[in-house]
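Presented sequentially are two complexes of subunit A, the first with subunit B as partner and the second with subunit C.
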Partner chain A sequence: MSNATPSAPFAGVADEQRLRSILYRGAASAFLFALPIIVFLLIWETTVRLGWINATILPSPSNIARRAWVLLDPADPAKSILLTHIVVSLWRALSSFALACVLAIPMGLFLGLNRTAYLIASPLLSLLLPLPAVAWAPIFLVIFGQGDITIIAVCFLGAFFPILYSTIQGVRAIGRHSLWVVRSMGASRFDIFRRVLLPGALPALISGLKLGMAHSWRTLVAAEMLAALTHGLGFMIFAARSYMDVSTMFVGIVCLALIGLLIERGVFGSLEALTIHRWHGNGKVGSHR
Partner chain B sequence: MSVETAKILPLRDGAGTKPKIVAKNVQKYFGNVLAMEDISCTINEREFVAIIGPSGCGKSTFLYLIAGFEKASQGELLINNELVVGPGPDRGVVFQEFVLFPWLTVLRNATLGLDIKGVPRQEAEERARKWLRLTGLSGFENAYPSSLSGGMKQRVAIARALSYDPEVLLLDEPFGALDVQTKNYMIQDLQNLWVEANRTIVMITHSVSEAVQLADRVLILSSRPSRIIADVAIKLPHPRDLRDPQVRRYEDEVTALLSAEVDKAMKRERQTFAGRS
Partner chain C sequence: MSVDTSGIRLQRYTRSPASSGLAIPMARIALILVPLVAWEVCSRLGLINGFLFPAPSAILNKLWVQSGPNGNPPYAILWHVADSMLRLLSGLSLAVIIGTLLGVGLGMSQRARLVFQPIISILMPVPTLAWTPVLLLVMGIDNRTTILVVFLAAVFEMIYIVASGIEMLNVKMLWVAWSMGASRRQVFWRVIIPGIFPCLITGTRLGTGYAWRALIAAEMLAASSYGLGFMIYDASEYMNIGVIYGGVMMIAALGYLLENVLVGKIEAATIEKWGVLNER
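Coming up: the complex of A and B.
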C-alpha cells in the first residue's frame, strides 16, 4: 500500500520481538522458580526408593502423585473425592474471607478516621490481633456444634483482624495535607473518600487482604480437623490418620500448599501489579520497558 | 512601618488596587501558646505577596488561615469581603512537600480539581494541559509521580493548583524542599508563569532572594508571637534578575530588617534560657 507508513512493518517486528522476549523471560523465571523444587523432589524420591527412609511414614513423591490421581478420579470429575474436598475447603475459606472484608474494611475506615473511636478500640485490637483464631474453635463448637458455621466463624476471625488493622493503618497514614489539597478543591465527603482515602489506603489494604486470606487459609485446616463432619482438605488429612493413609495426608498437604500459592501469586499478585507496582514502578519517564 | 501607612504599589500589569484578602487583628493560639499576636494586612487583587520571617514564626499558619484549614482565635479574615469559614475552590494551595497523589498520572493529578467540580473530561484535560505546558511538563502527562524528580513534582503541584482556576494561589514554601540548583532554576523558569497566571498570589518563604525576585510586596513577620514588622514594596518590573543591582538593593534592605528581628529573637531566647538556669 502506498499509504502505509514505512515504519509500520518494523513496529510489527518490534512487537513480536518484545512479545517473544516477555514469553522467554516468563519461562525462564518459572523454570528458576521450579528448579529447586524439582531437585528437592528428586532427592526425596531417591532416598525413599533406596530404602533410607521408611515409605510408610514418608511415601515417595511418585507414590503421593499416584494417590492424588486416584483421589482426583479425572475420568468422572463430578464424583471426584479430592475435587469435592478442595471445593468445600475453598468455599469455606472464601466465604469467611468475604465476610471479613465486608465487615473489617468499613470498620477500619471508620476507626482510621475517627480519633476517639480509634483510641477506644486500639487497646482491644492490640489484645485480639496476636490471638490465634483457632483458640476460639472450642467456644464456637460449644455454641454451634460441628459443621460449616463453626469453621467459617473461626476462619472469619483469622481474616478479620489483619484486614481491620491494615485498613486502619492505611487510612491513618494518609497525611492531612493530602486531605487539605482536595478540600481546597471543594471536594465533598464522598469525593474525599473516593479520591483520597480509598486509593491512599489501598497499598496497606492489599497487604491486609493478603495477610487475611493467608490467615483464613491456615486457620481453615485446624478448624476442619476439629469441626468438619464430612468434607474439606483438613478433614481429609485428619480422617486419613485412622487408616494410617500417609499418602492421602500428603496429597492434602500438597493441595493446601499449591492452592495457597495460587491465591497469593495469582489473585493478590495481579491486584498488586494493577495498582501499587504501576504507581511505584521502577520505570523511569520515557522508557516503556 | 505600620500596615495602615504602607502604600500598595501595583507593578505587574493588571495588578489592581481592589482589596482581595484582608486580615484584621488576626490572633492565633495553639492551646495556651500565642502563635500570632496581631496580624493586620491587606493583599490586593492580582498582587504577588511574599511573607517572610524567622523560622517557627507562624508564617505557614497564616497561610493555612487564609486557606481555611485553620481557624483564627481572634480577629477576622476576609476574602472578597466575605469571612473565611473553610477551604474552598477559590483558593489553590501548593505545599512544600508537593502532596501529589501517587495513584494518579501527572495529567489526572492536574485535572483533579476540575474532576471534582464535575467539568467534562475533555475540557478538564484541555485546561490542565495548558498549565502543564506552562510549567514545562509537556510530554510527561502519562507518567506517575513516583518517576519524577522533586522539581518536576512541584511543577505538577503548581499546575494542579492553577488548573481549576482559583482566584487566589497560596504557596507554602514552594521551593523549600528542592536542592539549590533546582530551586534557582525553577524560580527563574517560572517567572513568566506568575505573570501569565495573573492571580492574587501569597507565598510563604524563608528565602529573601526568592521573595525579592518574585513578589510585588514582601511582608516581614516578627518571631513568635508574630506581628508584621515591615511591608516592603518591590518596585521593579518582571522578570527580575538577581544580579541586577536594584534587586540586590531590595535584597539587602529586606535582609537587614529580617536579621535585626532574628537577632532580637535570639537574644530574647538566650535571656529566657539564662533566666531559667
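Coming up: the complex of A and C.
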C-alpha cells in the first residue's frame, strides 16, 4: 500500500465521480444501442398499420407483444402457457447438455492425453463432427417414437461433439513440457489434473461448453418441431403454423433468441469471468477454435 | 568435482512402436470396420432386431438400388443429392455475396455500424430454424424456403467476419488508394476484396458448416419431394429404416467432403499459397 490515496474524503469524491461517469457512459451506450432497434420497430409498426404489409403474414410488434402477454398470463403463473413451453424446452436442453458434458469431457481428456488413441479415433471423429445432429432424428423417431427421449437424444448429439472436440484441442494445446516439469517435481496424478490440465484446458473447454450449449439450443428447435408431442417452444411455433397464428410464432422466436442470449452472455460470460479471467490474469481467452 | 553419472540410465526418447508403421492406419480402419462387421453379424444371426438395425450390407445394397435405374423413382438418390447441393450452393452463394457487401458496408462506415449493428446483434441469436415456419407461411413448401433458411444460417457469420476483417485492414492502404484518385469501384475490387480475402475464405468455411446443418433440418421440415433431409424424414414416416441409415451415411460423407476436402482445397489453393496467414 505504498501508493495509497493521500486522504480519504477526496478519494471518495473521485470514486463517486468516476462511478457517475461510468454510469453515464453505460447509459449513453445502452441508449445508442437501443435507438436503432426502437426506430426499426416503429417503422415496422407503422408500415403494418398503414397496410403496406399484410398483417396476417407479418403482424405488428404491438400485436406480438399483446399476444405474448396473453400467452404469458401473468395473473396465474402456474397455468401460464408460455412459461410451460419455456420450462419444458429448457429442461430438455439442459438435461441433454448435462449428459453431453458428463460423457464428452472425460472422453476428451482421454483422447487428448493419449496420442495413439487420438490418432486412431480422429478419422471417425472428423466423419461424425460435420454430421448434423438433426440427421439422427429420423432414426430415433423410428426407434423411440415421438417424445422427450428422441428430442433429448438429438440435442445430446448436437452438444456432444463440440464439447469433445474442444476438450481434446484444449488438452493437446497444453504441451508436454509443463507436464514434465510438474511430474519431475513429484506431483501426484490428481495434482497434475487439478493444477495443470484443468486450468490449461479451461479456455478451450469453456468455449466448447458454450458452443455445445448453443448447438444444443439450436438443435432443440428443430428436434421439437419434428418430434415434440405437446410442449416446447419449437412445438409452439410449429403448431401455430397450422392455425396461421403468426403472432404466436413471433413470440416463440423472440423467446428463443432471448433465452439463447441469456444463457450465452449470462451463464457462460460469468463463468468465464470467474475462472479464466481470474486464472489467466488478463482477459485473453483462447477463442481461436 | 567429478560427478558419478554411471548410475544414471541414459534413455533416448523414441517413438513408441504403436505410432509408427502400419499400426495406426490399421487401427483407424478397424475402429470403423469392426463395429460395422459386428453389426452385420449380429443382424444376420438375429441377435439384434433386424427391423430396427438392418445389416450394413443390406443398407448399402438399398442405396445402390435406389441410385440406379431401378430405384423408385429412377436414380432417386442422385436427384436427392443434386437437389440438396443446388439449395446449399444457391443459399451459400447468396449469403457470401450479400454478407460480403453488408460486412464491407458495416466495416467501412461508422454511421452504418451505429445503425445496423444493434439490429443485427438482436437477429443473430435467433436459431435459424425458428424462421422456417414463418417462411413456410410466406412462401409455402418450396425451394425458396429452404434456400432462405440456408442463407440465414450462413449470412450472419459472413457479415461478422468480413466486418472484423475490415477492421484489421491497414488504413494506410486505403489512404494511398484514395490519394491517388482511385474510384469507389477500384477501391472495392483492388484494395478491400484482396485485403479481406482470408476472412472471406474463413467465413465461407464456417458458413458452409452452419448452412449444411441448417439445410438438412430445413429439408426435413419444408421440402416437398427431393433432398437428402426430405429423404430420411420421409423414410421415417414409412418406417423405411434402411433408407434412413443410408441417408445418414450419405449426409456424413457429403459433410466430410464439403468441410474437409472442398473448402480445405480452396484454402490450400489461396490463403496458404499466398502465405497470407503467416503475415498476420
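By definition in this document, the second predicted complex is superposed on the first by the 242 of 289 C-alpha atoms of A that agree within 3 Å, B and C clash if a C-alpha of one lies under 4 Å from a C-alpha of the other, contacts with A are read in each partner's own complex, and residues count from 1 in each chain.
Following the convention adopted for this analysis, contacts are C-beta pairs under 8 Å (C-beta built on N, C-alpha and C of every residue); 3 or more make two chains touch, one makes a residue touch a chain.
Note that this is a predicted model, so its numbers are computed, not measured.
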Touched partner set for A:Ile37, first subunit B, second subunit C, both or neither = second
Does the superposition put A:Arg195 against subunit B (first), subunit C (second), both, or neither? first
For A:Gly186, decide between first (touching subunit B), second (touching subunit C), both and neither. first
Larger residue footprint on subunit A, choosing between subunit B and subunit C, goes to C
Open item on the list: Going by the contact rule set out at the top, does A:His177 touch subunit B (first), subunit C (second), both, or neither?
Closed with: first
(request) In the overlay, answer first, second, both or neither for which of subunit B and subunit C A:Ala222 touches. (result) second
Both subunit B and subunit C touch subunit A at residues none
Given the complex, residues on subunit B that touch subunit A span 67-69, 86-89, 91-93, 95, 97, 99, 101-103, 112-113, 115-117, 140, 143-144, 146-148, 160, 164, 166
Subunit A residues touching subunit B in their complex are 175, 177-178, 180-187, 191, 195-196, 199-200, 202, 275, 278-281, 283-285
Residue positions on subunit A within touch of subunit C in the complex are 32-37, 40, 57, 115-116, 119-124, 126-139, 141-143, 217-218, 220-222, 225-226, 234, 237-238, 240-241, 244, 246, 249-250, 252-253, 256-258, 260-261, 264
Touching subunit A in the complex, subunit C uses residues 16, 18-19, 24, 27-28, 31-32, 52, 114-119, 122-123, 125-134, 136-138, 209, 212-213, 216-217, 220-221, 229, 232-233, 235-236, 239, 241, 244-245, 247-248, 251-253, 255-256, 258-260
